[in-house]
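Have a look at the structure below before the remarks.
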Amino acid sequence: MDSALIPKGVKRCSLPVFIAGLTPVVLVLLWGVYAMLLCWLKGLNQTNMNDSYGFALWIWADLAVIAIGGGAFFSGLLKYIFGKDELKNIINYAVLIGFICYSSALLILAIDVGQPLRSWFIFWHANVHSMLTEVAFCLSCYFAVLTIEYIPLILENRKLDEIPLIHNISHNMHGIMAVFAATGAFLSCFHQGSLGGVAGVLYGRPYVFREHILVWPWTFFLFTWSAAAFGPCFTILITKITEGITGKKLVKDNVISLLAKISGWMIFTYIIAKIIDTFYWATVTAPELGFVWSDFFTGDRSSVLFHGYWLLFAEIVLCGIIPGLILISKKHRENKTLLLTAVTLGTIGVCLNRWTMVMQPMAMPVMTFDSWNLYIPSWQEVATTILPVAYGIILIAISFRYLPIFPQEVELNPIKE
Amino acid sequence: MKKERIDKKFGMVIDLDACTGCGSCMVACMAENNVPFKKDETNKLDSITWMRVYKLTNKKPFPETEICYLPRPCMHCEGQHSGHSPCVSVCPATATDYDMDTGIVSQIYTRCFGCRYCMAACPYHARYFNWWDPVWPDGMEKSLSPNVSPRMRGIVEKCSFCFHRYQLALDKAYVKGRRELKEHEYQTSCTQACPSGAITFGDLNNPDHQVHRLVKPDNRHHGRPTAKNAFRLLERLGTNPKVYYLSSKEWVRRAGDNYLDNEETGKPLNLMKELQPEPH
Amino acid sequence: MKLDRRSFLSLGVGASAGITLSPIPWKLMDDLSIWSQNWPWTPVPPDGKATYENSACTLCPGGCGITVRKIDDRIVKIEGMTGHPVNNGRICMLGLSGPQLLYGPTRVKSPMKKVGEKFKKISWEEAISEIVSKLDKLRSGGKPEALACITGTDKGTVPELLKRFLTAFGSPNYLRTASVNDSYEIIMEQMQGVRTIPGFDFENADFILSFGSGIIDGWGSPVRMLTVNSLWKEKGVKVVQIEPRLSNSAAKADKWIPIVPGTEADLALGLACVIIKKSLYDKDFVNRNAVGFENLKRFVMNKYTSDQVEKITGIDKSVIEKMAVSFAKASSPIAICGKGQGRTPGSINEFAAVHALNALVGNIDKKGGVFATLPPDYIRWPEVIMDGVAQKGLNTNRIDGVGSKNNPAGYLLNRLPKKINSSGKSPVEVLFVSGANPCYSMADTHAVNEAFDKIPFIVSFSSYMDETAKKAHLILPNHTYLERYEDVPVSANIPEQIVGLTRPVVKPQYDTMNTGDVIIRIAKSMGDSVKDSFPWSGYESCLKQTLGGSLNKLARKGFLIAGNPRSASGKFRFTPAVINSDARIEPEGDANAFPLILIPKDSMRLTSGFIGSPPFLVKTVSDTVLKGNDVCIEINPETAKKNNLSDGDYTVLSTPKGSARVKVNIFDGIMPGIIAIPRGLGHTAYDDYLAGKGINYNSLVGPVEDPVTGLDVAWGIRAKLS
Amino acid sequence: MSETDDKVIEEGSEETREQADSGNAGDEEQSKGLPTLFFFIGFIISLVVGWVVFPAILYSSKKQPVDFNHVIHMELVDNGCESCHFFREDGTFSGAPRLAQCVDCHEDIQTESENEKVFVETYVSNGIEVPWYIYAKQPDCVFFSHAAHVKLANMDCVTCHGHIGESTSLREYEENVLTGYSRDIWGAKLWNMLTLKKEPWERMKMDDCAECHLEKTGRKTSIQTQKDGCLVCHK
C-alpha cells in the first residue's frame, strides 16, 4: 500500500501489521496527551510535586533524556570533527534519537512550568546569570540544529527525493552538515554543562553544590563528560533493540565496536573524575558547610530506601566502573551479551546520576530541624513522562520504515528473491 | 553600586526566648498579604505560609525535653556579593531581584512563569508555589487587601517583608514633604502583631535602629552578628540572610546550622571564604 | 493539478510571511501572557480610601482592643489597638481572623426556621411571632419556668437583657456555660469574702507558680499573658510550670515540673507545709489579715510532708522544697491554677490550696499580687416588673439545682443533660442559646445532644451555623461583633476593671439583628408585665441609657477603665470547709480496663469555645496535631513501646465515653501513661475548613462533679489504645 | 547565534527553491507568474488581517457612562486637577472622584447639560458610583505612586496623562478583550508596538516606566536588571 514510500532495497512489514504494532504505543501516547492536557488546564496540582519537590520526575526526565540523547552530539563530533568516518553508518540514528530526546525535553519543560503561556519570558526577560537561562537558550538552539540535521534525512525519503527541488535542498544541506554538527557539538557541550550547572550552583543545597572553576561548578564539566560517555551507550542500546525487533542486522559490528570503545574510555575517565569529585565534595566541600558524608545518605527509615548509600554504589560502581571496564576491553565489548549489559548499565548509570542530582537535594533537609521528604509521582506525571517514550517509538518506527536511516541495511540484508 | 551612599538594609531580629509559638505572626502575614487557604492545609509541603513557625526540640527524653519555636520568614539573603542570593541568582526570567536600596528580595508574580528553580535553590523552604488557583469562599474575597496583589496559580510567592507597607509609608512621607522614614513607620505585619514582642524589624545599617543594636551586624564580614546569643540560620552556607535570631540556649543556636560533631557552635564559620563571582 | 498545488503553497507561504510581519503572533503571544497575569477568576481587590476604626474583640474573654482597617466599606485587616490597656497594639491569631468570621461561609444569613430536617428562610416578623406564640403558651399554661436560656457570659447588657427577660417572664433557669472562673468565684467568696474573680497583677509579680495554667496557651487574657510573659523574660521573673505535659507554657517557663495529673492540690499543700515548716510565710499578713492559719498548719503538717507529697505527685522531695523556698522568698510571688486555657472549672480543693499559697506569702491586695477586683458595675436598670405568673415561676426550683442545698456554684449547666435525659418529657420546653455552643463544648457530647434532641423548641441567637444552631428550631442570627454595638466588660483576671465597646465597623452584611434588639422586640410583643420591664425602644437606646455619659468616652477611645485594682476583700480565711477535704478528683473509668489517662491540650491555634476556628487558624495547625482529617495524639515513646505503636501509626483510642481512630505522634515531652489530644477539633458544624477534622475531645470525656461545688471538674478520663 | 544561522538557512532554501523553480520554468511557461501572484495575494491579505482586522477584534470600544467636560470644571475649581483628583492624608491618591465628591455640587441638576442630567438621574439619585473607565489604569500587579511623581519629583499631570484636562468630552475607552487592559497601556497607535512613541502617554508599559526612571534618577539598584528595583513599581 505504501510501498512507494519505502526505501529501495529494503523489506518492510505490511502496512496493517505496522499499524497494528503501533496501536498500543499510540494508545500510550494518547494517555500521555490526556495527562498533559490535564496539567495544562488544571495546573500542576495534578502532580505530586510539592514545595519541597519543586523539581521532580519531569526535571529528572529532562536531564536524563538530554544525557542519553548526548549520543547525537558526541557521535556528530566524532564523525565531523575528529573524522571517525565509520560512524556515518550510525550517525543518522544518533541524530534521530537526539532529535527525539531533545523534542521530548522541550515538551516536558513546557508541561513542567506553572505558566506555560509565559515561558517565552525566559528569552525575553532573560537573567543571564541563571544556569537555566543558559540551558533554555542552548537547548532551543541545539534543538533547531538537530531539526536541521534531521530534515535532510526526511527529504531522502524515496518519494520526496523524486521531487527535484527537495533533492537539491537535501543535497545542499548534506554539504553543510559538518558546520551544523560542529555548532551542535559546541552548543550541546554548553547546555549539557549548564544542566550540570543548574544543580552545581545551588549553594544553599550542600548535596549538589560544587566548587567552581572559573564561572562553572564542577558539575558543569561532569555533566558534559557523562553525556558524551553514556550518550553513545544509549545509541548502541537503541540500535541493538531495533535490530532485535526488526530481526535484522542494521549496523556493522566494527561501527558499534568503535563507538563502544570510545564510550568505554569516556566512561572510564569520567568515572575517575566523578570519584575525585565525590571524594573532594565529601571530604572538603561538605565538611566546610558542616556536613559529614553520611548525612547525605542516612535519613529516616523510609528515606534510606530511596536515597541510601546503595544509590551511590549503583551510580558509580555498578553502572559506572563496570560498564566502563567492559567497553574498554576489546574482547568483552565484542561479546554480545556483555556489550548489551554494559550499554544498559551505562544508560541506567547516567539516569541514576541525573536522578540523584535532581531528587536527592530536594529530599534532603538542610535546616537541622527539617525532615527528609519523599515523593511518589502521580499518574499524570508518569503518563507525561512515558509520553515521550511512546512518541519516540512512533517516530523511530515511522522513520525506520520510510527513511534510509541505516545506510548498511541494504548491504547487510540483501533481498533474496 | 555606588559605594559612597549607605544603602538601607531592612532586616529582622527574632528573639526565640520570647517567641511562644502562638502563631500570630503566621496569621498576621496571611491576613496582610492575601495568602489563600484550602480546605485541607495539613500537607505542609503544599501549604502557603510566608511566615512559618517551626517547632524545634532538643531531642532529649522525658523529662529533659525542651522545645523552642522558630518563626521563619523569607531570609532576604544577600549572598556573598551584592545580591547573589541563592534564589535571585538562579531565576531565569528575572522574576525576583535584589534591591540594593532596601536589601529586599522581590518576587514579581506576573513575571514568574513557575519553573520553581528558586525553590530548589532556597535551603529555607521560604518559597511557595501556587499549586492551586486561589479560591476564597463566596464573600470572603471582600477581606482582601488592595495593597498586595493576589497571586494566580502556577507561580512562586514568598514573604516580601511587607514591602507594600514601605511603599505606603513613603507615600505618606512624600505628601508631608519628607523623603526618609522613621523607624516605626515601616514595620512588617508580623512584627506589629506579635503578642510577645519577639520580632524586631528595621534597617540593619542604621545604628539607631533597634535591629542594629540587638545583633550588631558586622558588615565587613557579610553581616555576621556580633552580639551575644545572636545567630543566623545556615550561616555557613554563605547565604548571608537578613533575619537574625536570638537565643540564650546553646542547643537552639546549634540547631540553627549544621556542625560536625567536634565543632563548637557558632565558631568555625568559614565566613572569609569568597565564592567565585557568578557567570558574566 | 501541479499548478494548483504550487499556487496554494505560494499562497500559504505568502500568508505566513504576512502574518509574521503583522502584530498577530507577537501581540497574541504577549497578550496571552498578560491574560495569564490577569486571569478573570483570580480576584482583584478594589482599591479605595483606607480608614481605621477602633473597636473591641469579643472572640474570647480576653477583652482586647482592635483597630479595624477598612478600604471603603470593606474590612481588610484587624490589628491590635495601640494604647489599649489589655493588648497595646498586639493581637492573637483569632483576633486577626475576624474578617473571615464576618465574611465567611458559616454565617447564618437571615432568620431560619427548621422545617423537617432543613432550615427555611423566614422574615423577622414571622420569627418573632413564632417565638411569642410558643412563649405565650408557656405563660398561659402556668409553666414559665419551662423556658431556659444558655449564654456564654453573664456580664454585659445583652446577657443582662436575657436574664431580665427570663425574670420578667418568670423563669429562674438562666444558665451560663462554665469556665475556670466559676471555681475562682467560689474560692474568692469562701476565702476572701467577695464573690468575684481574682485579678492578678502579673506585670509586677516576680515569681509565677502555675499549676497547669496555659499561661501562653490562651489562659486568662491571651494577648496580655503573652505580653506579660515577655516582660517576665526581660525582668528575669521566674516561672515554674507544673503539668504532666510539655506545653508551650511549660517549654517557655524557667522550669517545667511534670506531675501526676490530679495531684496538683496535694503539691500545693505540700508547698504550704514546707513554707510553714521553714517559717517562710508572711507572719504579718497571717496574723493580722487572716484567720484559720493554725487549722491549715495542722492539716498540712500532718498529711502533706514532702515525703508524702513526693509519693503522691511523683515530684522529687528536693524539688518540692526548693520550689517552696523560692516561692516564699520572692517578693511578689503568684500561684495560679485552672488547667490549659481555663475552659473548664477545676477541683475546688485544688483552687483553695493554690490560693492559700498566695495568702501564705501575703501577696493579697497589693502590687504584684492578687486583687479581688469587682466587675465593672454600670448596669443599673429599673426593677423588673413581675406579675403573678412570673413570681410563681421564679419560685420554682432551678433546673440545675443551684440555690438548693447551699450550693456555692452560680450555674451548673453540666447537670442539664442528665436532668433532661432522665425525665420522660423535657422539663425545658423552650431554650434560648446565645453566645454559646453547648452541643460542642460540653463534656459527653453524646448525652448533651440526646438531651437537646428532647427539647421541643430551641432558639439559637448564633451568628454562625454551629452545632447548637444546627439543632435549633429557630435561628435568630445576631450581628457579628464587627456589625453591632455592644459593651464588653472584661473579666479575664486583669486587676483593672475594663470595659470595651464593639461598634458597627461595617453595615450588617446579612439580614441579621442584634440579640439585644430581638429580646426587646420579643418582650414588647409579649405584652403585660414582660413588656413593661423593657422600657427601651431598642438595644441602642438601652445601651445609651445604661452607659450614660461614659458612652461617648467609650466610643471615642474604644475602652474605658472603670476602676483600678482595689481591695474589696475582708480577712483571708485559710480554712473554708473545702480545704480540709483531701478528696482528689479521679478520672472516670476503671484503671484495669483503661490503663492510660487522656488529657486535653489547648493551643492558641485552635479555639474550643463558642467561636469555631476560622480557616486561618486551622491552616496554622501543625501536621503533628492534625493530618488530613485525622487527629494526632501525643504519647511518650515508652507508652508507644508498651502499646506497640510507632510514630505515624493509626490506632483506636477508647475511653468509657467513646472511641476514635487516631494517629500516633510520639513526643518525649509527655509523661508516660498520659495521652494528650487537642481541644477544638471534631466539629460537625461550620464550614468545610473546620467541619469533620479530627475528634472532639468532649465526645470522649464525661462530666465529673466536684463533691463540693457540683461543677464539672473532669480534667481527663481513663483511656486505652488498641 | 544559531538563530541567525537559522535565518541564513531559511533564506538559502528560498534561493534553492527559486533555482529549482527556474529550472522547471521551461516546462510550464504559463504558470510562471501564478505562484508569485498567489504569494502576494496571501501576503497582502494576511497583512491586512494582521494590521487592520486583528486590532479591530482585539479592542472593544466602550463609551464612558457620562460624557465629562473637563474644561468647564477646570474653570470652576480653584486648585486645578488636584481639586478633584487629590491626595488623601495617608499619601494615597484618590484617582477618579467618587460620587460623594460630585454630589457636593451636583445634588440637583444645575445646568441644561444633557450629560449632567444623565449623571444626576442615573447615578446621584440612586446613589450608584459612576463606573468610569480609567484610560491610564494599571493592572493589579502595579503599585504606582502618584505621591512620588507629583510630590517628590514635582511632575505635572500633563506629563503622563496628556491634555485630558483641556478636553470638553471624553473619548471612547478601548479595552483589550483578552487582557482587559486599557489600550493606552499597550499603545494607542499600532506603531507604538514597534517601540515608537511621540508622547509619554501614548504608551505606558513597564519598559516605559523603567526607561524613564533610569533616565531621570539614574538609579540602578536592582542587581539583576541594572535599573530601579522591581518592588519600586510592583506589589
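Think of it as A, B, C and D in the order they're written, each chain with its own count starting at 1.
The rule is short, and it goes like this: contacts are C-beta pairs under 8 Å (C-beta built on N, C-alpha and C of every residue); 3 or more make two chains touch, one makes a residue touch a chain.
Model, not experiment: these values are computed from the prediction.
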From chain C, the most remote chain by mean C-alpha position: A
Middle chain, criterion being Cα centroid separation: B
Selected interface, C-D versus B-C, where C-beta contact pairs are more numerous: B-C
Using the average of all C-alpha atoms in each chain as its centre, how far is it in Å between chain B and chain C? 34
Which integer distance in Å separates the CA centroid of chain C from that of chain D? 55
Whole-Å gap separating chain A and chain D, where each centre is the average of the chain's CA atoms: 46
Rounded Å distance between chain B and chain D, as computed from the means of their C-alpha atoms: 37
Residues of chain A that touch two or more other chains sit at 115, 118, 121, 127, 129
Send over the residues of chain D in touch with two or more other chains. 90, 92, 139-141, 224
By the touch rule stated above, which residues of chain C touch at least two different other chains? 32, 35-37, 44, 47
Per the touch rule, the chain A residues reaching chain B in their complex are 43-45, 49-55, 112-116, 118-119, 121-122, 125-134, 136, 198, 201-206, 212, 214-216, 287-292, 295, 361-362, 366-370, 373
Report the residues of chain C in contact with chain B in the complex, numbered from low to high. 36-37, 39, 41-48, 71, 74-80, 87, 89-93, 96-97, 99-100, 102-105, 216, 222-223, 226-227, 229-230, 233, 246, 248, 251-252, 256, 258, 509, 604-605, 615-624, 626-629, 636-638, 667-672, 687-689
Which residues of chain B touch chain A in the complex? 43, 45-47, 54-56, 70, 86, 89-95, 111-117, 119-125, 127-133, 152-156, 233-234, 236-239, 254-260, 263, 270, 273, 275-280
Okay, in this complex, where on chain C does chain A touch? 29, 32-33, 35-37
Complex contact set, residues of chain B against chain D: 1, 7, 82-84, 88, 91, 94, 96-102, 104, 106, 108-111, 147-150, 160, 163-164, 167-168, 170-177, 179
